[in-house]
Amino acid sequence: MTAVLERPATAPARPRRNWTAVALLAPAMTLIALFVVLPGVLAFAGALFTIDLTDNSWEWAGLDNLATVLVDPAVQHSLVNTLVYSVLTIVPSLVAGVGLALLAQTFTRGRSLLQTLLFLPFTANLVAMAVVFRYVFDLRGGFVNQLLAVVGIAPVNFLGDTALALPTVAAIGVWRAAALAMVMFLAGLTAIPTAVHEACAADGVTGWTKLRRVTLPLLRPVTVFVTVLTILQSVQVFDTIDVLTGGGPQGATETVLTMTWKLGFEYYDLGQGAALSALLLVVLVGIGILRRGALTR
Amino acid sequence: MTDALLWRITRIGLAVVAASIALFPFVWMVRTSIAARDSITVDGLSPLPATIDLSNYVRAWEEADLGTAMLNGAVVTVAILVLQMLTCIPAAYAFAKLPFRGRGPLLLVVLACLLVPTQATALPLFLGVSGLGLADTLAALVAPFATSAFGIFLLRQHMVTIPDALLDAARADGLRTLATLRRVVVPAAMPAIATFAVFSIFVHWNDYLWPLLVARDPALHTPPLALAVFQQADTGQDFGALAAGAVIITAPVVALFLLAQRRFVAGVAGGELPG
Amino acid sequence: MSRIGIGGLAALAATAALVLTACGGGAPAAGTAAAASVTSCDPTGVTLSVAYAPQGDTAVQLAKTQLEQAHPGLTVQLKQSGTSSYDQLTQQIVADIAAGSRPDVAMVGLGQVRFWVDRYQPQPLDTASLKQTYDQRFLQIGAVDGQNFVAPFQVSVPVLYTNSTLTRGAGVTAAPATTSELLAAARQVKAATGSAPVQLPRDGIADWVAQAMIQSGGAAFVNPDGSPGFGTPEGERALSVYETLGTEGLQDPISATDAVTAFTAGRLAYMVTSPASATSISKAVNGSFEWTVTDMPVPDGGTPSLPAGGNGWMVLSEDPCRAAFANELIADMLDPEVITQSSKAFSYIPVDTQAAATLAADPAAATQVGYGWTYTGTPTPWGGWHGDSTPRVNQFLQDMVQRLTSGEPVATVVPETVRRISSAVR
């Protein structure tokens, strides 16, 4: 029992030849260097230049792009929105995810069906879903407003109101993110050896005690992972907003990444777009460094 | 006794509520897909449209050329999945279980890659892919995703929990590294591998931005690109066909997920401690 | 540990940047020479590439066959975009050019003509090579500073869609010709139905309709020096219709897509959008109520001055001979038969007199989809902001329309918008 609960040591003392590790890592690392690190470095280096796409010329701009971006009210708006969106989505997605996974685990009959249903939101084709959600949240005749009308509440302009659009988009974000988190947690739960459950049963450890003392600690590596993923999904939210509101109304749902895309790919100001995404990266790396113990343990 | 009954009712209730919320938009997607054009937007809370019309499916299949698109999507998704498995599993294992110099910093590089949004690297990547002459080829749809920092990190987090005793036993049996990977590590990490597979399949099956940039030739269109036919900016949208198309392209991958669930369960046996 | 990693990244970044500046600095600006005469050009081995959105496919396919037959040895390479949005099409062509593959002929949204001319030096259009029957009144919407660059292909102007079953039920029988008639009719309909009866686009093509209002009200949209021209009393008066719609609750703050949905569901009395939507709206309405397509109401005392929506063809070839072939390809794509077909499929305004005659004789000309077929006005160029400021300016215009239709006053919103645009185009 105790042997199972202890996290296994990661570095056994046995000396090993490095070339095994090198051989195992080489394909993945080469591809990462080629397709992520190199374009990433180029993209972020672009923050220091004024880039003219017509002739691909890069002109040194120093910190001008960053300065321009930081005083742009639209960008400031997007930074605040991203923060609000993250607050509205990260914790609810994680709690819902782990809750749903634990709930699904309690079922024996119909579990497979339940898991599939709960996972459906992640499978959605977003373009089609956007149409459905626009209908669901439509001001006149939308499903939610028809329901509200039944209980006598005046129609609410969920996606068109500058104050409500972000929370509405966040709710849809949680709908999707919780499904993914659930599947990740389920994988973690399934990986807990049956011996643990047997030992718990033998020791009479059940319910909340088992959850707090046994299950959640065993889920820790998965939790770290799902947390990182959920934070990233929230901070880097793009698809959902792109198809649902395009950042509107009046920038109410503009986030850092949709703004980055706009600056770079719609306004053709690649330098400014790069400056904003570099800023985002620096913030995330900063958080990562502060919490790196939890990540690499 | 009553406690057990109450708990049973509570969790069934919770499951029903959660499943309803998850399912609800899909019900409306299916509703739209079987509605006649003139009854799609008619008000009502009924999950069935006034007139049922399956011609949306015919239109979706023919006008969007979904047959070709699904074939392309399958080729691309499977190719990406296989490549990612071949590259991520060994790398994750090395990070999880093999001590080597520079492991910490290298893992941090992998983590840093997670922080780089694809929207930021899309243009340099496109210029690079075009420079290699790969624009408008299936290879361009696959190559950038041949490995996944996300996958390495996910698998590594699970492999860390594989008891060393299991690996030591394998070594004692005289297994070489690759054999250990195949016979011990992969079975033990199967829940994580299945999770990652599911994630990878859905992400790349539904990916829109990158294919839009590199797959211009209609013969290379992936399912989401094919569906864009029904979203004409200038001339109006065909909601019925769009929804029908979405049902057609979502169904096979969801069916796949149902099958993959067995792997989650199968994983338990592999993850168990010997003796 | 992590500091080493980041330091390494920084060093790599600096190196890459140096390499890039070294390579990119010397790239020559795209030069343009006038198109040569086709007869003096050898077609052997020439491959012309055409970048276009799906709505141009029929035309491109037909012209490819004709040109390849007329000039054996020449190949036309088709690069169809997966998107029908002109913004996304432009993004793709920009990315292609950055990657070194510049198309010879490109479809461009008519709102982006000036962007292309200012940034990418297209070849002037060889208007002499166009068909005799090409309707010359459309050429100026593809011109910049008097020089023709784009041959308009699928053209539209903003129009008013009316659910006449709804309006007649409220006692309104005449189609509103001015904005105050529209507002009066809207009040009447609202009194009868209780819901907001009007939708002017608040996103997507918001800038297009706002430009129509501004110009028709007698104000300049873009001044000759490139600055916004509607920060004047005329401009504010022209835009006040949005404010009134907002303050009186005559327009719900919803998206343009939702507006179409509301219209086809029979809930919306008046909607301004492109006549090109008539075909798909007709299918969705399917006779469940009566509806009409009429002229967009203009500000009181104004005269219609409507910007042309839709798309046209532009020559991007850098070589005179290729440019000559490209011009011939464009002429083939503007074939009367092709124009007739595309107008029938999407109810665009025909840019060819022969096609217009054919369409006018068609029984459907009297229906809603026929509005564009029999349109006799002369549209103005759309947009016209200098350099690459158009997308930014359009965002500001959209914000303006959204604020006005939410009830904010013209007196604060318009000057603020003019200020934002001025600093973006400077």
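Lettered A, B and C in written order, each chain numbered from 1.
Everything below uses one rule, namely that a contact is a pair of C-beta atoms (placed from the backbone, for glycine too) under 8 Å apart; a residue touches a chain by one contact, two chains touch by 3 or more.
Source: prediction; values computed, not measured.
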B-C or A-B - the one linked by more C-beta pairs in contact: A-B
Remotest chain, chain A as reference, centres from CA atoms: C
Chain centre separation (chain B, chain C; CA means) in Å: 37
Rounded Å distance, chain A centre to chain B centre (Cα mean): 15
Touching two or more other chains - residues of chain C: 2, 6, 9, 98, 257, 261-262, 265
Multi-chain contact sites of chain B, meaning residues that touch two or more partners: 41, 43, 104, 108-109, 112, 123, 228, 231, 237, 239
For chain A, residues that touch 2 or more chains besides their own: 37-38, 42, 44, 135, 141, 265, 285, 288, 292
Touching residues (chain side chain C, partner chain B) in the complex: 1-2, 4-6, 9, 54-55, 79-86, 88, 92, 95-96, 98-101, 154, 156, 204, 257, 260-262, 264-265, 274, 276-277, 279-281, 283-288, 309-310, 346
Of chain A, residues touching chain B in the complex: 3-4, 7-12, 16, 18, 20-25, 27-29, 31-32, 35-40, 42-44, 100, 103-104, 106-107, 112, 114-129, 131-133, 135-136, 141, 143, 146-147, 175, 179-180, 183-184, 186-188, 190-195, 221-222, 224-225, 228-229, 232, 236, 238-239, 257, 260-261, 264-265, 270, 273-274, 277, 280-281, 284-285, 288, 292, 295-296
Touching residues (chain side chain A, partner chain C) in the complex: 37-38, 41-42, 44-45, 48-49, 53-60, 134-135, 138-141, 157, 159-161, 246, 248-251, 262, 265-268, 285, 288-289, 292
Touching residues (chain side chain B, partner chain A) in the complex: 11, 14-15, 18-19, 21-26, 28-29, 32, 41, 43, 45, 86-88, 90-91, 93-101, 103-104, 106-117, 119-125, 128, 143-147, 149-150, 152-154, 157-158, 160-164, 177, 191-192, 194-195, 198-199, 202, 206, 208, 223-224, 227-228, 231, 237, 239, 242-243, 245-246, 249-250, 253-254, 257-258, 261, 264-265, 267-268, 271-273
Chain C to chain A touching residues, read off their complex: 2, 6, 9, 12-14, 16-17, 20-21, 24-25, 27-30, 87, 91, 94, 97-98, 119-120, 195, 202-203, 252-255, 257-258, 261-262, 265, 267, 388, 391-392, 395, 398-399, 402-403
